[in-house]
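So, here's a batch of structures to check.
Paired with subunit B in one complex and with subunit C in the other, subunit A is shared by the two complexes that follow.
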Partner chain A sequence: MMNGIMTLARKEVKTAFRDNIFLIVTGLFILLSVISVYIGSSTKNEELQAYQDIVQLLKGQGAATLPSPPAIYPLSVLGNIVSYVSMIGAVVAIFLGFESFSGERNNGTLKLIAARPVYRDQIVTGKLLGGGMVIGVLLGIILIFNLVLFTFVSGMTPGADEIIRLLGFFLLASVYMMVFYTATMYVSIKTNDSAFGFMLMMIIWLAISFVLPQLAESQRNFAYALNAASQTVTQVPSDTSVSKMIELFSPAVQFQNIGKDLLQVIPETSDIGIGALLLKQIGAIVEILIPGLAVLLLSYKAAQKEEVI
Partner chain B sequence: MIIEIAKKEMRDAFRNKLFLSILAMLLVLTGVSIVLGSCQVKAAMDNYNNSISFLQSLGKAQLPPMPNLNPISASKGFVNYIGMIGALLAIVLGNTSISKEHKNGTLRLILSRGVFRDTFLNGKLLGNLSILAGITVLTGIITFVSLIAIGGAALTASEVARMLLFFGMSFLYMTFFTVLSMGIATVSTKGSRALLITVIVWLVLSFVLPQIGDTMDMDNQIPGGFFSTMGMSRDQEHQVLQKFKFYETLRDGVEEMSPTKHYERISYALLNVKPGFETNTPWEVVGLKWINLLGLLAPSVAIWLLTYIAFLRRENIYQSN
Partner chain C sequence: MLKTENLGKKYGDFSAVENLNLEVKEGSVFGFLGHNGAGKTTTISMLTTLILPTSGKAAIGGYDVVKDNLKVRNLIGYLPENVTLYGDLTAVENLRFFGRLSGVENVDARIEDTLKLLDFTDWKNRKVKTYSKGMRQRIGIAQAILHSPKILFLDEPTSGLDPQGTKELRDILLMLNQERGTTIFMNTHLLSEVTKLCTDIGIISKGRLLLADSIKNIEKEFPEEKSLEEIYFKIEGGK
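Let's turn to the complex of A and B:
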């Protein structure tokens, strides 16, 4: 039984890495993740340089009080990767899964697979495992690149706590991408037109990743804070019940919230231990898992009822 | 003949389920964002009117002037929706118009009649642009009606002109993606592949490049803003940024490669979302932001010319895919 699943999974991996379009998107994802570390590190370095310039400027103007240096937590240098996984990572998963069933169906290979002693649920499991392996390999490559670049460019060495946080983030990223892969696979089972399925998933991705967060943003309250020293006004957003309600429907927002906490982007949660952090975000984790499990069950059910096979 | 092809294009578009689904989503979101924006304008106006009534009840003779509520900024959300969903809609429209003819074998049929290749492309473009113009007009009407009926805002002539110019920019932005999509579908031999390639280009132009620009923005790296946290005034901020001119130029250069950024910049200036353009006339804003207008127009023209050349020179046009 496992042999059949593993054979399908291996085939899925091979097919993915033979597809030029998928390789382009994957290359883009890896490239962006890598340059985000470089840009993040150099921007932080520029910030520190700017801080020195600000101190010099204020001293020259005879200022009595000087601002304290910006707090830079080691992992925050990698913070931009949260946006890239949420944005491009999800698209990579869509590109990976949109032809998983409809492609096989159109090429006639689905009938061929079904004619072998393989159960339909095994086909779904095999495809899922194959997709998971591809996503795992991609994230593994990005993790290694990030760790190496992080050490070389920022000159900082991550401690055990930072490595655990980083591994936690990549585990979360793989779950998030798998949710999109599973949803795309479900759409692929249900539709014969690959292009239609692909565009449908792109619309869902847009709604989850951009439309809902922006609607939530528009429903936030903005208080105005006056900085006495600079006489500048800063907008301070605060959640409302409506904005929180809208965000509940967006796994992308939940992923970004957990990701930012794990990668020390939010100073308030940067010193909390990973256990306490995950406990604090348990609701957000469940909100990512529930849609994933729902589409997984639907995929098994749809594959059982598939008539084209 | 061009008109005939354009008419057919419009009829086909409204039979395309995917196009209709995205269009419905765009219209719903336009409605939601404008209604929410109009409600905010109405709430601000009610607040002002209540304050005036309260002051009058206290017998105050000197009443504060009405603050600038900037009702046209209610369209801010619409900029983002056009930036994403409008572009996707334009891509589907452009890709389908070419790829369906390849797929169904009707391209050979059309070209075997007395239709020149340039006529064929012009008809397709005219049809698609008419659809985009119709969508722009429809969303414009929804916006104007909502602002007046729900927001209770009385728009000045200048505000109306700014809104009209803004909708013009939205049309140009969607045109770019239709032209790009048609161009890639014309060059490619397989419609579905062309769609995937166009989506990748869209991702790079609309999400990746602006995201890199954001990442390189020093002020974005700390919640609340780096310079604000440091207690710097605008002048001091500019003084410090002068020392990072190369870095800032590089960041700006990355953003300038994105038509989405050009659209966002000129739209925010026209809608007074970005401060500094309140006292300018609508045409002065367009003049000040000419580089963004050029950033929307020039790529469309260039891609369209390349599409012409590629299609006119193509020799395998009668091969089936």
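Let's turn to the complex of A and C:
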């Protein structure tokens, strides 16, 4: 039984990495994530340099007290990756899955698979495992690239806590991308038209990643703070029950919230330990998992129908 | 080798196949003839366990196609109409995938033997998307015979092939039948292919079997008709 699943999974990996369009999207994803680390690291270095310049200036003026140095959370330089995975990672997963069944149905290979001694649910599991392996390899490459670049540009070596947080983030990113892959696979089971399936998933992606977060934003309360030194007014948003309710339907928002906490992007929550952080975000984690599990169960059920072949 | 009893398939009120009683002997080449939409593909889909019958039963090698579907799948090879395989994989990679799914042991050695048998070793490491229709069809046959099936199901195997490709495919099927003893069940609407290849035929129209017998017996039964074509149109017209 496992042989059939592994054979299907290996084939998924092989065909994915031979598909030029998928390779282009993947290349773009890796490139953007690397650029984001470079920019993040450079910005952090500039902040530190600015602090040292101010300290030098104040010392030169004979100041008695010096400002305390800015808190340094090394992982925060990777902060932009949260947005890239949330946006482009989801698109990569859609690219990976949109022909998983409809493409095979159109080129006749689904009949060849189904006429062999494998069960339909093994076909779904094999494709799921294959998709997971591709996403795992992809995120693994990004992780290694980013760690190397992070160390090279920032001159800092991540400690054990940072590495655990980073691994936690990439595990979360895999789950998030798998939710999109599974949903796309379900659409691919249900439709013969790959282009329609792709467009439908892109609309869902737009709704989850852009429309719902903006809708939630519009329902927030805003307080205003005046910055006397710079003569500017700053908006300070606070959640309302309506904005929270809207965000429940967007795994992208949940992913970004957990991801930013894991990578210590938000100073207020950066000191929370990994255990406490997971407890704090347990609701958000469940909100990412539930739609994924729902479409997975629907996929198994839909694959049993004979018109799938 | 293959037996059906009152086999039927309904989609709502529409009967795609009705009360099909058919027997295909081991070692024969059975041509299943009929117009487009006559019920040939529905029949082959039920026999290859892809869809479930709504009435009657069918057995292959003594195994029921519904209850023992996995055992049936071990006995059969199948080539659907217009299959393109995985274009980004080579012939060997395609065959390795299907061979492993069928549980073939020493799959690489078996692929080599099969490709030699089909005279295809020169192109084995090229991506399938670069092949002509005839070459793809040969790889399609290769995936269907890789696990040495007892019976081979082919759905319109010469569809889209040029005369040269059609002849090459016919020679391969004859060789498989005569040298390996593989039983062949072939859907077609080309009478010329049937006369050159088949030992037995069945004629289906609007989901009903009109006739099934050996070509020799059919020719005896219709002494006034000069060719299988005339017999076919007489039976079809009579219906």
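By definition in this document, the second predicted complex is superposed on the first by the 278 of 309 C-alpha atoms of A that agree within 3 Å, B and C clash if a C-alpha of one lies under 4 Å from a C-alpha of the other, contacts with A are read in each partner's own complex, and residues count from 1 in each chain.
The definition used in the following text is that a residue touches a chain if its C-beta (ideal position, glycine included) is under 8 Å from a C-beta of that chain, and two chains touch if they have at least 3 such contacts.
Just so it is clear, the structure is predicted and the values come from calculations on it, not from any experiment.
Within the superposed three-chain model, A:R116 lies in touch with subunit C and out of touch with subunit B [touch as defined at top].
Contacts of A:L129 after superposition: neither subunit B nor subunit C is touched. In the superposed pair of complexes, A:M87 makes contact with subunit B only, with no contact to subunit C. Touched residues of subunit A, counted separately for subunit B and subunit C, are more numerous for B. Once chain A of one complex is fitted onto chain A of the other, the partner contacts of A:L298 are absent, as it touches neither subunit B nor subunit C.
Of the two partner chains placed by the overlay, only subunit B lies in contact with A:M202; subunit C stays clear of it. In the superposed model, A:L143 lies in contact with neither subunit B nor subunit C. Looking at the shared chain after the overlay, A:V175 reaches neither subunit B nor subunit C.
Comparing the two interfaces of subunit A, the one with subunit B and the one with subunit C have no residue in common.
In the complex of the two chains, the subunit C residues touching subunit A come out as 45, 48-52, 70, 73-74, 76, 78, 80-89, 93, 97-98, 100-103, 143.
Partner subunit A is touched in their complex by these residues of subunit B: 17-18, 21-22, 25, 29, 32-33, 36-37, 77, 80-81, 84-85, 88, 92, 191-193, 195-197, 199-200, 203-204, 207-208, 211-212, 215-218, 221-234, 236, 239-240, 243-244, 247. Against subunit C, in their complex, subunit A makes its touches with residues 3-4, 7-8, 10-11, 14-15, 18-19, 107-109, 111-118, 306, 309. Note for the complex: subunit A touches subunit B at residues 21, 24-25, 28, 32, 35-36, 39-40, 43-44, 46-47, 49-51, 53-54, 57, 67, 70, 80, 83-84, 87-88, 91, 95, 194-196, 198-200, 202-203, 206-207, 210-211, 214-215, 218-219, 227, 229-232, 234, 236, 266-267.
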